[in-house]
């Protein structure tokens, strides 16, 4: 049987739910350069959730396809056409409501799988608010690019040719491109790839938003050296780590 | 090129957006009886949007996979496991934000495609609020089961064996089952179908919510006589009608 | 003693409240054509509540005189002068607060009596939210034009000359005009009556709001054949039905 | 023609509105001792608005029948049965929405007539917010018990036997009782009057709310010496003053 | 050890908290004429809280430095440069959150010390909301200029030369100037003092806000006769009164 | 004249404001181990703002003394007594309101100076929302620990004995301790210092909040080797950098 909740009937869900870990993938609709689609964050978070769910008794709830506002130096910012951002409070509300409904269905273990850098603070606010209200439920939230999720040796293999620029700038770059090659090769257009990027992070934000500090392509770091193999390596390493965390903490 | 925004790069979107009608499908995660999956409303609204988008210069934005609270006599209500409902204000906010972002991308024609009976008032509130702020944008909202969307002759063909019970009760019944057979036959399990249903609508709502007025299966009307052919007939009739409405009003 | 809470002292209310059903009428301030006043929905919901309250041990709380946004094809829409609409969230809040205060006064049975088509989803959201918080209180919500509230034989008598156009279009038409003749004949100006109406419901909504699909008078269906007798028949039939529902369900 | 908007058709309102001052009465549902009804604040604010409207080209919008939370030493507090209070934000929202709708109808002069002591800060917040958005509209807000509204000589005549206790404590006392005798003698039960009251105002508030500092009757000051004549004197003096203020400032 | 929470370590706070009264000072950033600084309300509320805290087992939480909107006839209004106002709902939220966090730290006695006339209704709303949720905590709210806080004999001594104009108009006048002379003489510039003021309170508010009813200096009443001695007298009298109230009621 | 707005009269502010950069310091009330006070974040952000303001034509607005929720691995989390956290939406609202009021005073350049790690996303949401509404104002937001704010050579000098643990874990550690020694030596108790810390960041968050992953002291990294000299070095380096950024970008 599929682990994807949207493919289950309510009776399938009922039969499995009591012992299950439910994963809630949260993505975004955000520019990822000329060669990747707007839904990279939704696709990767959903596919990783699916992989972990298949390793354990997991269920993947329907994906939240919109995320918090793209920032210039971690996603290109709001001025790229096709980047559709939610306000912070909206994201808090939707995550809160879905979590509360899972808890109303007597789910005791929830894993919020984030695929979009800028989402994290608002997802955590939702989790915190629901957790204060329902104290007997364990909720883990993680971004796959969180500290110490990917093992050091895999990082070395992925960033073999190119130096790791930090996760903020690693947008539409080697890690995401490689995982998209692995999960949805039909949506990756390497022929449109150009070498582009940003020199370094700024320690401040300036408004009104402008595109002046972002390359015209939207690429914040190079995707050169991306490969299906790296994508698979990342996906397997990340999901193995999540399996361990779940085993240990839930 | 795909009409699905989540498969486009930002440059694909940019190239097409200025003259396009953008469709926003809104679904739900709601019980649809033993033989249909929880995401029927998301799937049907997305597939119909895709069909219309392909007939005109359309783009389909990522689907909102969660909807407003299921009511006992139009969706079975909140007590079925797997029904995950949003609060009204949450749905208003998310639709509002996505519409505003589309407008910020200079989209002038938006079509909100609703697949879930209970969503409508809250989607309309979002559309009204955004429309008061951005008066030069045309927004149409419609549920595929809205009055006079399906033509009378198609209704006669679909409800040939079974009398039409009204759209509130026509939940997980012939129309939805047939369109799911057409769009996603892999997710329809007719072998789990049972004859079940509700006698008539109640003119009042009673709280706290209970399941006492809803059949145990969650079926509010029969799905007997559903077929791929009826699904195709419905899908083509609906999308042709929408094409006409768009041509006439946008 | 009056059943109207606004005419009671707090001691009158205290003496009666513990066993009482409290009715909360919700109306609107909305155009009802040239011959009916702006407060038709408030007047009818209040008068019906009063009639039911007098049949049982009832109390009628002060009326909420403003309602949710008038829609073109069920109330004429926001562009008619004198139509004063609340935002959806505002109506949710006010109904929620009044219900919570009644519950704080230890009321166990509440009946929200709606007189305005567009209010329903927002009232139900308020009832749902309060009901999840206070599970030992029974709350019924109904619009007098809800399915199966008026009996078939009364419908036949009321729509003897004119075919019933459906409740959305039956705005400022025979049912409302007749009940206003019965309840407040001083406010009905049949001399201003004109034959007017809309051909059929649209299965979609289009924004920005316009008056182009609405007759200039604001009449969506004819009021011809309205009479005091029909008003009385409706009022008595509706209130008798509500008495039964209360007896059965509360 | 009536000045009451709820008695006007939309065409009546349209004919009169452009030059009119629109009055919005805001009341409460609050204990007023054993001899006065729960809707004193709604009745007095509505009746005063009507009197002023009749002196000038005025229109009285439907009354907001619920108000902000009763405080122990200005209204008896929330623990009296029958006192139904709104949260602050709810009152802000409803006043805001009604004002915005009046402004959308091109009304240029609005007078918010408050009858409930505790409402004032929240009404003013709504007025401030709407006024920042629509700067070309003049809005006056006043409580009839505001400083210098009633002239000194009338105050002397009203408080001839009894010393004026300050407006916070003058609750259900001489001024309100007398005006109710003038406006709605059918709702005044002087036979239930008892001599009761509070010694002095406290300069602090203490929570949780209790009734320990409030007389059991809910009377904060005596109503002794109330009369129809005093009620008429007050009503005429207040409305004359408002007529002057409107003439001078609008 | 300091009573100021911002000077304590978490261990200092922990050692003292269980038996303590925690004071939350709420100020404003508002014009106080040419001779007093913008933070008068924050400074006075904080200093008074500190004095009371030192008399008992008290702790002073960090001050909320911004307050609700200045009104023309109690603070000069929003048009004076340097007056930075919060919306009502914002002040409610921040006070609510801080109170809830104190309660989460097991504090049982909280005293909200208000220094800004216009804050009171919104602080009380926050206190009311939190108090309904946490019923076993005693919360007192008071403005130092509340009724009967300052004793009559001190009032006579402070207003020896000048007649007391009422607390709304006593803005940047003798009481505040004298206490600032006592608490922060370095911030008082009597050389900039001018004789200025308003004749009397208005019983109504008019919008849009204007400065036409306010003296150009922002002084609503004279500060003539202010002195360090009066400041000390006031501070000691007020804090002694608060000590008594706490002893009696908490 | 002082650069601190709370020490200025409205006339002082008016005289200086049109060309000024206004700084808004945002702190927190949060445990900082046994040797540092709860207001470290407020003190450091305020003092840095003051230093920059003195270098240019700056004004420092009153500090927001409360911040967003402390997280276990960047501040110790909510379970330490004395940590008083705001909800995310509350912080958004207060920052939004203060920014809007500054803009209403015609300020064109605003610098939000953050001293608390967890605040950043919510401050940025406020800045984004206000910036969309008022597009002609330049707003910079920065945390002093932002990327590339402190120069590499200063980092080397500060972390001479101890390896830099990353900014999340550098809580109550060398940087904060040293700057507190420089700004407020009276509030630093090195005699209470203990060697403590956390091994490494977790790439996930787990709820309900617990203290199990946080040392009992609240120290996430060592403060050993802190000194006044390092504090001064940091303060001067940071403020020099900010002066440059302002010169270049505002």
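For reference, chains read A, B, C, D, E and F in written order, and residue numbers begin at 1 within each chain.
Convention: a residue touches a chain if its C-beta (ideal position, glycine included) is under 8 Å from a C-beta of that chain, and two chains touch if they have at least 3 such contacts.
Every value quoted in this text rests on a predicted model; they were computed, and no experiment measured them.
Peer 1: Provide the labels of all chains in contact with chain B and in contact with chain C.
Peer 2: Chains that touch both chain B and chain C, as defined above, do not exist here.
Peer 1: Farthest chain from chain B, going by the mean of C-alpha atoms per chain?
Peer 2: Looking at centroid distances, E is the chain farthest away.
Peer 1: Can you check how far apart chain A and chain F are, centre to centre, with Cα atoms defining each centre and the answer in Å?
Peer 2: Centre separation, chain A to chain F: 29 Å.
Peer 1: When the C-alpha atoms of chain C and chain E are each averaged to a single point, how far apart are the two points in Å?
Peer 2: 48
Peer 1: Which whole number of Å gives the spacing of the CA centres of chain B and chain E?
Peer 2: Comparing mean C-alpha positions, chain E is 55 Å from chain B.
Peer 1: What are the residue numbers in chain A that touch two or more other chains?
Peer 2: 87, 89 - these are the residues of chain A that touch more than one other chain.
Peer 1: Can the chain contact pattern be summarised as a line, a ring, a star, a complete graph, or none of these (other)?
Peer 2: If you draw each chain as a dot and join those that touch, you get a single closed ring.
Peer 1: Round the ring, from chain E on through chain F, what is the full list of chains in order?
Peer 2: E, F, A, B, C, D
Peer 1: What part of chain C is in contact with chain D in the complex they form?
Peer 2: Residue list for chain C touching chain D: 5-11, 13-14, 17, 29, 31-39, 42-43, 61-66, 78, 80-87, 89-90, 93-94, 96-98, 101-102, 104-106, 187, 189, 192, 218.
Peer 1: Taking the complex as given, what residues does chain C use to touch chain B?
Peer 2: These residues of chain C touch chain B: 69, 71, 87-89, 92, 118, 120-122, 124-125, 127-129, 131-132, 135, 138-143, 146-149, 200-209, 245, 249.
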